[in-house]
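There are structures below to look over.
Shared between the two complexes below is chain A, which has chain B as its partner in the first and chain C in the second.
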Partner chain A sequence: MMARVTTWWTILRICIEERLVYRADFALGTLMRFLPIVTQVFLWGAIFAANGDTRIAGKYDFSDMIAYYLLTMVGRAFSSMPGLASGISLDIREGTIKKYLTQPIDMVGFLLLNRMAHKLVYYSVAIGPFALVFWLCRGYFADGWPEPLVMLAFIATLIMGFLLGFFLEAAIGMIGFWFLEVSSLLFVYMLFNFFCSGHMFPIDILPEFARRIIELLLLPYLAYYPAAIFLGKVPLEEIPFRLSVQAGWLLFFIVFCYYMFHRGVKRYSGFGG
Partner chain B sequence: MPMIEIQGLTKSYRVYQKPEGLWHSVRGLFRRQYRDVHAVRSIDLTVDEGEFVAFLGPNGAGKTTTLKLLSGVITPTEGTARVLGFTPWKRENDYRRRFALVMGQKNQLWWDLPAQESFRLHQQIYAIESSQFDRTLAELVDLLDVAELLGRPVRELSLGERMKMELIAALLHSPDVLFLDEPTIGLDVVAQHNIQSFLRYYQEKRRTTILLTSHYMKDVAALCKRVVIITGGEIMYDGSLAGIIDGFGGQKIVTLLFVDDNVPSDLSRFGEVFDVQPPKMRIRVQRSRVAEVMAAILATYALEDVSVEDPPLEDVIADVFNRASHDNGSGDSTQPNQSSFTARTR
Partner chain C sequence: MNGTRPSYLRVMLMFARNSLVRDMMFRTNFIIQSISSIGWVLMNLGFYLLIFQYTPMIGADTGWGKFEFFVFLATTLLVNSTVQAFFMPNANEFGELIRMGGLDFALLKPIDTQFLVSLRKIEWASLANFLFGIGLLLFSLAQLDSRPTFVGCLLYPVYVACGIAILYSLMITLASMSVWMGRNQTLYDFWFYITTFSRYPMEIYEGRFGTPLRYTFTFFIPVLVVINVPAALMAKPLDAQNWPLVFFALWATAASLAGSRWVFTRSLLSYRSASS
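After this line comes the complex of A and B, so read on.
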């Protein structure tokens, strides 16, 4: 076990080192990550000003919406996996996946550690600007910090959201064993993700029938439910259920991702010379 | 027990055939034509411990596909293979810890980091004990003379330097079997020589079983006693390098040095005159007629010197490939190899 932990740490350390090689790209990428928050704040301000400051669907006023949006940004910081699926399909297409097949290493585990390194590096620097924005917008969090158990549930959904986002997009990348190019599939996924995860707007402002359909999907667990739990939009007695559903989806995609990998490797043609 | 045993190993692909042109690209959206490519056709091979075997063959013959099957990168269509007692495509960690695959011009090291970081990662992945790792790394770095390059990002190394680092990474865990796919491709003469010297020394010292594919005859001549020729996915020869020339070299080269620059012009009746630089002339003569031709020339002309030698290995191999391609239907690997040169003389 100790040897395995040491291996994981070495992989994580090297992935972190790799992230720090291109300093200008690293600096720009991390420090500018908070800019979309600012534009969204202005956008919602304009929407509410134009509609006379009414509540949307009777649930969200301007403060609620800003608080919600900031929290979905946190959720997406954990669950979004830019370049993961396309990177896997590129590795398959160009043959660089060979090293995972010939060396005694678990490709999915390796990529997970790589992604953890990516998040650790970027957000350890971006936490400054993020914290500044949250502090400037602290007035929008009318109810303040949630109680400790709710806070724990919020953290649990973020961690599971990270893992769910990873295994979901890794599974999409594994489709590269069949189709080589997955960019169109990714586009469709991102389209659904954008609307159904709650990133654009809270899904509970949708009509009842639409909300019930979307709640059956895994996508709300990537952004909406972490924010909703923090803001108290999910009743206390419902939180264990939501955590269980999220864990169920996570387990499903862990199994599915590995299944796709093992099936895909069987039909792999060894491209790239 | 042999280190490598292959029986009836076959790998076929279904490949999309797209004729040239925009119309065919559009047509391909709705209807596609496919062709079956038989990259490896039912090959049998046994390699014992410590052997250094060269795989030769024209492009598309099945050399790299065979290495990929033996390293577990791809799964065969039919047949079996056992390497170190393992089935390669099951990709068991116990097997993956005992072999290494190095492909020329393919990079497995971290591109943006110094090679030493990749080596440290390999130490963990292969569970190499610390003192063993330090000893092996020091030895390999010294043999390949790359001590000053360890701290440089891999992207800043030349091709030859990167190849050395790839070899070090592959050998850190002291594999029992090493698969080398054109390790010197694209390297200059000096770098090729360095890699050859290193591989020869390493193999002699460690008795590692090595399978090497290469298009450079100098690699093969310098390193391998045994040569396997693959064409059209089938093994057509398995034996010594000298045996190739004896078996396939149908001609000898006779070099004549005349006493003066007045070289005769009627020697084409003895063979193909291909090089005339008075007073020297070179003729290709059928192997079976050498004695007769020599007797006739010596009896007729005044010569200062004469020599008879085998054609260059590259010419013999090229001739073998060309004849096999011709028998194979212009290199069409969908057809079985009808070559009459199949010879297993090991």
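After this line comes the complex of A and C, so read on.
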């Protein structure tokens, strides 16, 4: 058991070192991710200036909307997995996946640690810009911090969002065992993700029928629900239900991802040295 | 000596043909790419349709009502899809050419290197958005209360071309920096994030922070004139206050092209082959 923990700890450390190689590039990239929020502030400012500060869908005033976008950035910082699915499918296509198959290591676990290392480095770099932007925008959080239980629920959705994002994208990458090129499929997934996760706008400003359909999907758990829970847009009595649904989706994708991996490996053939 | 000059038009047509042949080898992928690109556009259109459920226009008294803004959106599509089709894949590859030493082969060819590295690959699937943009433009113009002026119609393609030239200049400048930086993924992110400012009417950048931003992205990095000038020419009558901006856009285009050419040439002087 101890040997296994040491192995995983070493992998995590190496992955962190690897991520820090291009740290200047990484830090600059993190800072620039805040630029789109600037345009969103001005866009929504212009919208509320034109509509006489009428609440959107009776729920969101200007402050709520900006606070929502800031919080979805936090949610996305946990759940987005850039390059994961495309990396897995590339490994399959080019045969480099055999480096995982020929070693006594669980590929999915290794990739999870790699992603955790990426996120840890990202958070350690991003915490400065995030803290600065949230401090500058503190006026948009009219109700201040949520109560402790809601805060706990928020943290739980973020952590589950990270795991859900990982296993979902890893499962998409595993499709590469059957179809060598998954980039078009990924593009379609990204399209739905951007629209339905709540990254583009809060899904509860949609017309009733569209909102009900999107709520049935897992995508809102990647960005919308963490932000909505923090802002009190999800009623207190509904939070346990939403957390349970998210946990259910997570469990499903953990099982599905491993199932795809094992089926895929049986199908995979590697040739040459 | 003139007899040995390459015909740039013929070379360009050959690039276009080769790219089309390559795209047609993977027809299903090409069709999915085209549909996905239009999917992104429809999603954006859906977002703005939703926004206009809650507001009559973008910004108080700016004149960017629903269909005026859709003219703006159509112009964004025309400019961005052209940049994505012709220049984006090449700018992406330019960094790799520098890193791997493949630029040697481009430098040896008896043709302008900037022309060669800027246009050799064309992403035809991106032009699906261009066609969609034309459709959206015609539809939106038909819905407007006032028709665009004759001068506006004449100047529109000129200023769309200016917008494309400004974005190209910015892109090739950033790509050229690969020579000094080695890896420049962040620079492409920078291009993406900076150009997000150009996707909205410049009138929204108001106030203590907005006005300096508007001046920066109009006069220093002129991305705000890229869409705003041609879209305003078509969608709403330009007042006397805005005409200087129309003339400035021409100057900004010339300056951007000259500046990017200078940076590109300097980058070639600093290039050291990476191959054996």
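Please note the rule applied: the second predicted complex is superposed on the first by the 268 of 273 C-alpha atoms of A that agree within 3 Å, B and C clash if a C-alpha of one lies under 4 Å from a C-alpha of the other, contacts with A are read in each partner's own complex, and residues count from 1 in each chain.
In the analysis below, a residue touches a chain if its C-beta (ideal position, glycine included) is under 8 Å from a C-beta of that chain, and two chains touch if they have at least 3 such contacts.
All figures in this text were calculated on a predicted structure; none of them were measured in a lab.
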**Message:** Under the stated touch criterion, which partner chain does A:Phe195 make contact with: chain B (first), chain C (second), both, or neither?
**Reply:** second
**Asked** What is the contact status of A:Ala49 with respect to chain B (first) and chain C (second): first, second, both, or neither?
**Response** second
**Item:** Touching partner for A:Thr7 - first (chain B), second (chain C), both, neither
**Value:** first
**Prompt:** Is A:Pro104 in contact with chain B, with chain C, with both, or with neither (first, second, both, neither)?
**Reply:** first
**Prompt:** For A:Ser184, is the partner it touches chain B (first), chain C (second), both, or none of the two (neither)?
**Reply:** second
**Asked** Touching A:Asp61, do we find chain B (first), chain C (second), both, or neither?
**Response** neither
**Request:** Go through chain A and flag every residue that touches chain B in one model and chain C in the other.
**Result:** 22
**Complete:** Counting only contacts in the complex, chain C reaches chain A at residues 29, 32-33, 36, 39-40, 43, 46-47, 50-51, 54-60, 62, 183, 185-186, 189-190, 193-194, 196-197, 199-201, 203-207, 210, 213
**Message:** Please output the residues of chain B touching chain A within their complex, sorted ascending.
**Reply:** 13, 64-65, 68, 71-75, 91, 93, 96-97, 99-101, 103, 105-106, 108, 110, 112-113, 117-118, 120-127, 153, 181
**Prompt:** Inside the complex, what are the residues of chain A that reach chain C?
**Reply:** 22, 25, 28-29, 32-33, 35-36, 38-39, 42-43, 45-51, 54, 56-57, 181, 184, 187-188, 191, 194-195, 200-201, 205-206
**Request:** Enumerate the contact residues on chain A facing chain B in the complex.
**Result:** 3, 6-7, 10-11, 14, 17-18, 21-22, 95-96, 98-99, 101-105, 265-270, 272-273
